[in-house]
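These are the structures, in structure tokens.
Paired with chain B in one complex and with chain C in the other, chain A is shared by the two complexes that follow.
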Partner chain A sequence: MSRRELLVAVLVCVAFALLAFLPVLPNNDMLMALAVPIAMYTVLATSWALFSGPTRYISLATAAFYGIGAYTVAIGLESLPYPVLLIVAAILGGVVAALVGAATLRLSGVYFVIFTLGLAELVRQVVTWFQNNFTGTRGSYVFTDITEAHIYWQLLALAFVVFLIGWLIGRSRLGFAMRIIGDDELVARHVGIHTAGAKIALFIVSGAFAAVIGGVMAPRFVYIEPAIAFSPQLSFMVVIMALLGGVHRLWGPLVGVIPFTIAWELIAAQFPSQTVLLMGFAFLIIVFFIPNGVVGLIENAFQRTRNRGGREHG
Partner chain B sequence: MEIIVTGIFLGGIYALIAMGLSLQYGVARIMNLASGEMLVAGAFAGFWVYTAQSVSPYVALLIVVPAAFALNWLIYRYLMLPLVRRAKSRGHLEVDSILATFGLSFAMVGIMLAVFGGSFFNYSYLSQPVTLFGSIYGLNRVVAFSVAVLICGLLWYGINYTRHGMAIRAVSVDPDAAGLVAINVTRVSTFAFALGGAVAATGGTLLSTFLTLDASIGIIFTMKALVIVIMGGVGDIRGAIVAALALGLAETFVATVIDPGLTLAAAYLLFILILLFRPQGLFGRRTS
Partner chain C sequence: MDKPVVLEVRDVTKRFGGLVAVNGVSFNVHEHEVLGLIGPNGSGKTTMMNLISGALAPSDGDIFIGEELMSGRSPRHIARAGVARTFQLVRLLPTLTVLENVMAGAVFGHKRLWGRALRVHAQRQLERVGLGGTGDAPLSTLTYIDQKRVELARALASNPTILLLDEWLAGLNPTELRTGIELVASLRQEGKTIILVEHVMDAIRSLCDRCVVMSSGTKIAEGTPAEVLSDKEVIQAYLGDDHV
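The block that comes next holds the complex of A and B.
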């Protein structure tokens, strides 16, 4: 570790430690109402970008994994302790990701997008059908003594873990392989990288995180039914935020999550019926004007001023 | 028997919708995820013309087809073409076009929600019974199926036996090579994209005569069309027709025998089987 990396690591730890004190501040209702979604989307968007950033495979499966996690907790709450359920959720999310990845990631990106697009709806139909025919009840209640502050701390811890894992992957052989795959998959295959295996491995990581988040958020719902747990909007929100921030840096999605969540909460409260339209415009603006995200814009501007400076001196 | 006939009726219209998408993806190279919304817009037009003007929805096609053609022309010209020019590779264009058409799809859903509201809409048009092979079917389904078959036939003839169709096929095989033999690739792509949009809207008007739809249902039809296009092999019309009929049959079978809530699951089961065993499409040849 270089001195600069050490400094960044210390700063990140300090930032997380400070953020952990947020719930004990007085009069923090407004703040917490924003902090929980921001923390949630940070984990979701960062883990999404771990997979989709280097490969450019747009995954729309977040809602499916999230729903699986939420359902695991809702159903299992009476028979198993809560922490065990989160682990079960992670394993289930990982297994589903592995199956989906094995079926689609050997092929071109379009198949993957289409498949993940319908995955949440597919799982929702199957769960609904199963509950209608075999258990008799549609939804389930989630009663716990977990408070908003507990959820926030869990999310914060997950955010720390996701950054740590992202940093470790970036330094590992797997991260190096992913960067080569992202640049040119043919080259990657020729230098002996098991491309499908690498992609599936990262997709599992991102699926497991989304499932755990679903499990963590489940107590907030109180009542869970398939239409709520598998709402496809979540997948698109995650994609928008990650792309808005920029997916080629580990901290890129964070830059998108914070402003977008705040703006979204404000706007959605004002015009609740226009959210779909807004989401459409957000997508269009990102594709046409900020294809590399805000981070890309900043880096470009930085590069340009530095070049100009160089020419003046030289 | 009843399942088979109903399935084929549904499949005929799916074939039409899939052909629209196939033109847009196979020729213009745009994976258009807003194609379902174009369909719903066509359905709304049929609904509006019938309930407000009490004119047959088939007359509405006279407006729907040129309007959808013009709208899609503009979409390709002003939204997609910059992406095509910017893209460094085909994969790059795919990602960009997927994201852009997602945006378009949401924007259209938002506009339709604002204009028509979020409720389900349907109307009863030609709902007289017809007896075929000893069972009873709605006349509206029979008519819609016949029109879909007619349009599919026209498209098939146009693409395979006219000079313009040959240019379209050339671009679908290789846009760069097509440019070398003096085909205006941009114009052909724009035309194919616009035509595909018009076909999707037509499919919507046909569907609206017998299905209940709402403003946000487009994505379901986009998914079905995508599954069909991939199942049949990109750019393969014969494959798309077979795949559409297979999907129509599978959905009708699952809806009647197991549970009507599982139709998408049925489509996905077919999709997974195809991805696992014949990713190049039903009749496609392995390329690499």
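The block that comes next holds the complex of A and C.
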């Protein structure tokens, strides 16, 4: 590990330690109302970008995994301890991701997008059908003694884990393989990379994270039903935020998540019935004007000034 | 030839719908041999290279690497078995540095290095192709022949038992061409087994031990460069009936 990496690692740990004190601050209701979604979207967008960044496959399956996790906790609460349920959620999310990945990652990007969008709907219909036919009620109550602060701490811990895993992947053969795949998949195959395997592995990681997040958030809903747990809006929000920040750096999505979540909370409070329309606009603006995200803009500007400096010297 | 056969192509056919791109072609490649695969445009040479490297699966026939039947296996398996290739149009990895491009060849395939050993190994491959000291440069700073060198270094990095060069000398100016031929000649000196698809006659004459000539998907001649280049059918295929 280089000196610079060590410094970054220390700073990151300090930042996380400080953030952990947020729930004990006085009069923190407003702050917590923002901190929970920011932490949630940070994990979702960062784990999403681990897969979609290098492969450039836009996955809209986040809601499917999230819903699976939420339902795992909602249904299992009476029979299993909560921490075990989160592990079950991670495994279920990973298994579904593996199956979907094996079935679709050989397809080209467009088909993958459509399939993942349909997946959330498919799982939702299955859950609805199951509840209609076997449990008699559409929704489930989630009664726990888990407080907002507990949820926040769990999300913060997950954010730490997702950054740690992302960093480890970046240093590993898998990370190197993904960079090669992202640049030229044909070359990747010809240098001996199991391209489908590498892509599925990262899709499993992002699916497992989204499922755990769903499980962590379930107690916050108190009452969940398929329309809430499998909301497609969540999938789109994750994509928008990750693209806004930039997906080619591990910390890129974070740069998108913080301003977007704050702006979104304000907008949603002002115009509750136009949110989908506004989300569409945000999508268009980001894709057209900042395709490489804010991080890409910053890096380009930095590159330009450096080049200009270089020319003056030369 | 007494040297062992490292690649055997037996009655290989490749059809794309109604088009027969390669039609019942057979040939052997021996260890330490440089085999030229030549023929007019559209004769199926690149298709043949794609069949050997696993980019395409043959419709019929078998390809053996050493003792193992490899036709129909994925490019990944074939790369692991020791076949490395360059592409007709240079394919480098644009977001990676020069050194990383070379490293890519030595991590997942026939050679599986990582860490410091990988960097040192990749550095040595760059020196081998005459690009020592450019490792951390971005690709955009490279000239065309240097890009081709990087691609060659990537292929060499896997320490291949068979190296496929698909028109590696195409598009070079006369000075670069001389450098290029010398470079391939040096690999030949090292005892590499090479199959090269080439149009440059000077290169074929000076580099190849043997040539396989293809025309319209079939093999029309096989032998030393001198033999095949004076063959009636070969001249006819290249220049038309008037010149026979």
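Everything below uses one rule, namely that the second predicted complex is superposed on the first by the 314 of 314 C-alpha atoms of A that agree within 3 Å, B and C clash if a C-alpha of one lies under 4 Å from a C-alpha of the other, contacts with A are read in each partner's own complex, and residues count from 1 in each chain.
Criterion: a residue touches a chain if its C-beta (ideal position, glycine included) is under 8 Å from a C-beta of that chain, and two chains touch if they have at least 3 such contacts.
The structure presented is a predicted model; accordingly, all values stated were derived computationally and were not measured.
Peer 1: Classify the contacts of A:V187 with the two partner chains as first (chain B alone), second (chain C alone), both, or neither.
Peer 2: It touches chain C, and chain B stays clear.
Peer 1: By the touch definition at the top of the document, which applies to A:F176: first (chain B), second (chain C), both, or neither?
Peer 2: In the superposition, A:F176 contacts chain C only.
Peer 1: Specify the partner with more touching residues on chain A, choosing between chain B and chain C.
Peer 2: Looking at chain B versus chain C, the one contacting more residues of chain A is B.
Peer 1: Please work out whether A:I286 is in contact with chain B alone, chain C alone, both, or neither, and reply first, second, both or neither.
Peer 2: first
Peer 1: Which chain A residues are contacted by chain C in one complex and by chain B in the other?
Peer 2: none
Peer 1: Looking at the complex, which residues from chain C come into contact with chain A?
Peer 2: 53-55, 74-76, 79-80, 84-85, 87, 91-96, 100, 103-105, 107-110, 114, 154, 158
Peer 1: Touching residues of chain B toward chain A in the complex: what are they?
Peer 2: Chain B residues touching chain A: 31, 33, 79, 82-83, 91-92, 94-96, 98-100, 102-111, 113-114, 216, 219-220, 223, 226-227, 230, 259, 261-262, 264-265, 267-268, 271-272, 275-276, 279.
Peer 1: In the complex formed with chain B, which residues of chain A make contact?
Peer 2: Going through chain A, the ones touching chain B are 56, 58, 103-104, 107-111, 113-115, 117-118, 121-122, 125-126, 128-129, 132-133, 236, 239, 243, 273-288, 291.
Peer 1: For chain A, which residues count as touching chain C in their complex?
Peer 2: Against chain C, the touching part of chain A is residues 173, 176-177, 179-180, 182-184, 186-187, 189-195.
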